[in-house]
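Can you keep this structure in mind? I'll have questions shortly.
The letters A, B and C name the chains in turn, as written, and every chain counts its residues from 1.
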Amino acid sequence: MDNITENILELHDVETFIGQYHILFGVNITVRKGSATVLLGRNGGGKTTTLETISGLRPPFAGTILLDGKDIAGLPAYEIIQSGVGYVPEDRDIFSDLTIEENLLISSRKGNDYDKRLELVFELFPDMKKYFKKKSRILSGGQAQMLSISRALINDNKLILIDEPSKGLAPILIRELIDRINIIKKDNTVLLVEQNWEMATSVGDYFYIVQDGMTVFECTKEELLADDTIKQKYLGV
Amino acid sequence: MKSAMKKSYRYIALVLAILMIGALALAGCNKSEPAAGSSAAPAAGSSEAAEEPEVTGPPIKIGLLNETSGAYEQWGKMELQGFFSGLYYATDGTMAIDGRPLEVIVEDTTCDVGVGVQKATKLLEDDKVDILSGTCISSIALAVMDMAAEKGVPYVINCAASDDITGANFNEYTFRTGRNLTMAAEAGLGFLNEDEIEGTTWVVLAPDYAGGRSGGESLGAGVEARGGKVLDYIYPPMDCTDFTSYIQKIKSLNPDYLCAAIVGNNFIVKFPQQLKELGALDNGMQYVTSIADFDFLKTVGEAGIGQIGEALYHYNCWDTPANDALIQIHQELYNGEYPDFWAGESFVGAQAIVLGIQKAGGTDGQAFIKALEGLEFESVKGTYIIRAEDHQALQPMAVGRIISDGNGGATVEAAAIIPLEGMTFPVTAPGRA
Amino acid sequence: MKTKNKLVLALALLAAVLVVPALIGSSYIHSIIITICIYSIFAISYDLLLGYTGIVSFGHTVYFGVAAYVVAFTTVKLHWPFLAAVGMVIVVCVAISFIFSLVTLRTKNVYFSMVTMAIGQLFYVMSTKLYAITGGDDGLPGVKSIFPNKTVFYIAAVLILVCVYLFSKRLVNSPAGRVLQGVKENDARIGMLGYNTFKFKSIVIQISGLLAGLAGILYVNLNGIATPSILNSSMTLQILFMVILGGVGTLHGPVIGAAIMQIASIVLSGFTTRWMLIFGIGFVVVMLFFPKGVAGVFDRFSQPNQLRKE
């Protein structure tokens, strides 16, 4: 079992600027393979910026980011993505002019077993099969979210980053999504930002509280559910 | 309900737009004559007209490329009107040569090279004209002359002035009766004898674009060739409106002569005005510049009185039978208008075409070429000789002086006439010297 | 309209365009068709940038004009054979597209457009000032056409246009083409899918530049002269008009736009000297009522079942 890293992602003292603003002051995260790690915290704490830094959308100012042991800090986004990272942004951001099929085709990278992955996508999100040839602008908010996740899923990624998956979804859809993510996380590790307590605790195995640009607390699901004060202290609920 | 209302507004707007376009089109229709593509000679009704001549042969087709629309349409109008006046004169009003009626096909170049080439294609290959003429724009002329030569059709250029037409780009089918830029520059200085220029100091000014710069350089070269010294070349940008800094520089240089190759309203009007205002002329510095068309005289007005320079053509400068005829015919054909600028050149071109056909006894290309080479004839400015080596018409040139016309406007008198012998520019056509 | 019927219609149209003018036998009409083909190729190259990749360049005519000047200079002044001149055009167009690619890297949107316009005008000014090389305002005359007559030329021009069209169609429908359309919609997002957008944009800029250069080669063959007017920004704007008028992002739209502009200017200038004014008004009217261009008019009729979610 040598050379198989337990941690698919490690962030050490990562700092990021947006323009002249120092947003991340020192973020330390470990994402274990086959699990779902959740970033919690109040708005404006730096959670989305953390995901953007990992994916390469924003270059880090300092620190190391190890993806499966390889330092990816400072690499251009497309190289990081090609190394096996999928990114589902907060605003869905699908190509409305293209059909669902075209959206998936365009996301499928070289060397990918497209047909096999497509089967998985259809299993998890049957609506994708239903509207496969239709232009994606006709999709509802929930379906667009599914497409966005499917795009990250169409490749057998090492890690999938999801920013607020439950945002704008009706409760019943949130519950369906919880089930899906719990399936996905096993083969394709997931790191997500989530404000919705139910989703976060149903899906997450490990938690980091990100506040004022730093990781201030980490714990497991059991620890989080056992101690009410964590929720009050950091999330102000 | 709301969107249905909006829809009907849209359709009203559409209908109004169509009506407006239609009205404009109709208004435009009655504009200049002849409309492009027509083959009419202008309405006769002139006392010069002889009886209807007997038709003894097929019509002679003359193609005329013309800037009927576009930035240079004023010039196109001048060339057209002078050309028809010349045909009239040379055929004694019959518009026929040796019993063959003249058919002139006018095509609009719209001042664009691509369109000019298309229209030339039409004239040369579809209409199969016997002789081609026209265009004021040198790049069109340069492109078309190659085409005409390929088809073996003689091409007589009246106005386009680039030296290369009878120089580097020469071919035997092309003739030019108008003057070229070197001749213009020479004439600009020709009014001064060699001794007068020798030892004098000059400043040359021109707008900063290719034509201005080359015009300025020709002038400077002419000055230095005559023993003068050019102190400086000044090239303000074409859209310059405030020449103060340039005029200050000129004043500080204090030359004997300030020579300008000018184009554009600012240079024509504002520059001389500002020269006067800043007292630049108070030290006896003489201002020398080209004198252009009626528009130029109108714009420069009082500010221009006293200016001296090459005058391509102004009807008041010439006292020849042909010039009198040009004025008379032009006024009869075109509502009393005086011939302007280019008309004085296209008249000559038309005349040369007629003479050439008469002398060649027909429209055969080679015969026409032989007929024109070395041809000497009397026209607007006196004696013209078409130089056999490069097909450029040698001709007298006028140095004009702007004077008051007695009505608050400006006109031109001849300050000096440089005779034909005074034109000494070299043959630059490759292999023809 | 069914695809099969569309194909039959297209072939019939092509046959008509190839055969009928030859029968009419008017060189003037042949030269008009050649001109339409030249501007169509030029406009298609522009649509690849504008309609498919979302790149708004105001310097595109640089390729067209420089290609014409390169052919003129090398064949007339240096007496190179035509194929060598074409080779030089390819080299120069690739070099110029390299410059434009770098600009896309450094600037975005409005700034990009302004910089491209500046580059375009730089070339224009060079063509007027470097008159030892370029002939200045008068241009570089003396180019001999490689086609023996206008009939052969127009047939060749139509066939070349068809090839360019098919090639471009193939390009935009390929996986790479889809990526380009993604770039147009959201540049950053495409990067997030793992695509090196700079590489893709560079490639489409190069292809588009070479096609515009091809149009320039044909232009100088037809007119025999290269003049500064083809490097002026007004030329780029004309092409922009053609693309938008015909229908941006369609490939056949630019061809329609080029044809309409050529024919309208000829027909209108035959009636009145104020034709440019009328054309301008007409253009505005068309854009008000058919914002998708002329091609958009036909689209509406052929797809009544299109789902609309506006």
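The working rule: a contact is a pair of C-beta atoms (placed from the backbone, for glycine too) under 8 Å apart; a residue touches a chain by one contact, two chains touch by 3 or more.
From a predicted model like this one, the values you see are computed outputs, not experimental measurements.
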Can the chain contact pattern be summarised as a line, a ring, a star, a complete graph, or none of these (other)?
line
Of all other chains, the one whose Cα centre sits farthest from chain C
A
Ranking chains by how close their C-alpha centroid sits to the total C-alpha centroid puts first chain C
Where chain A and chain B are represented by their mean Cα positions, the distance between them in whole Å
75
Could you please state the distance in Å, as a whole number, between where the Cα atoms of chain A are centred and where those of chain C are centred?
44
Interchain centroid distance [CA atoms averaged], chain B/chain C, Å
35
Spell out, as numbers or ranges, the residues of chain A touching 2 or more other chains.
none
At least two partner chains per residue is the criterion; list those residues in chain C.
none
Of all residues in chain A, those that touch chain C in their complex
55, 57, 76-78, 81-82, 87, 89, 93, 95-98, 102, 105-107, 109, 134-135, 137-138, 151
Within the complex, which stretch of chain C touches chain B?
26-28, 30-32, 35, 128-129, 131, 135-139, 141-142, 144, 150, 219, 222-225, 227, 229, 265, 268-278, 281-282, 285, 288-289
For the complex, which residues does chain B have touching chain C?
10, 13-14, 17-18, 20-21, 24-25, 27-29, 31-32, 35-37, 68-69, 73, 108, 110, 112-115, 117-119, 121-122, 124-126, 138-139, 142-143, 145-147, 162, 164, 169, 209-211, 213-214
Taking the touch rule as given, give the residues of chain C at its contact with chain A in the complex, in rising order.
175, 178-179, 181-182, 185-186, 188-189, 191-197, 307, 309
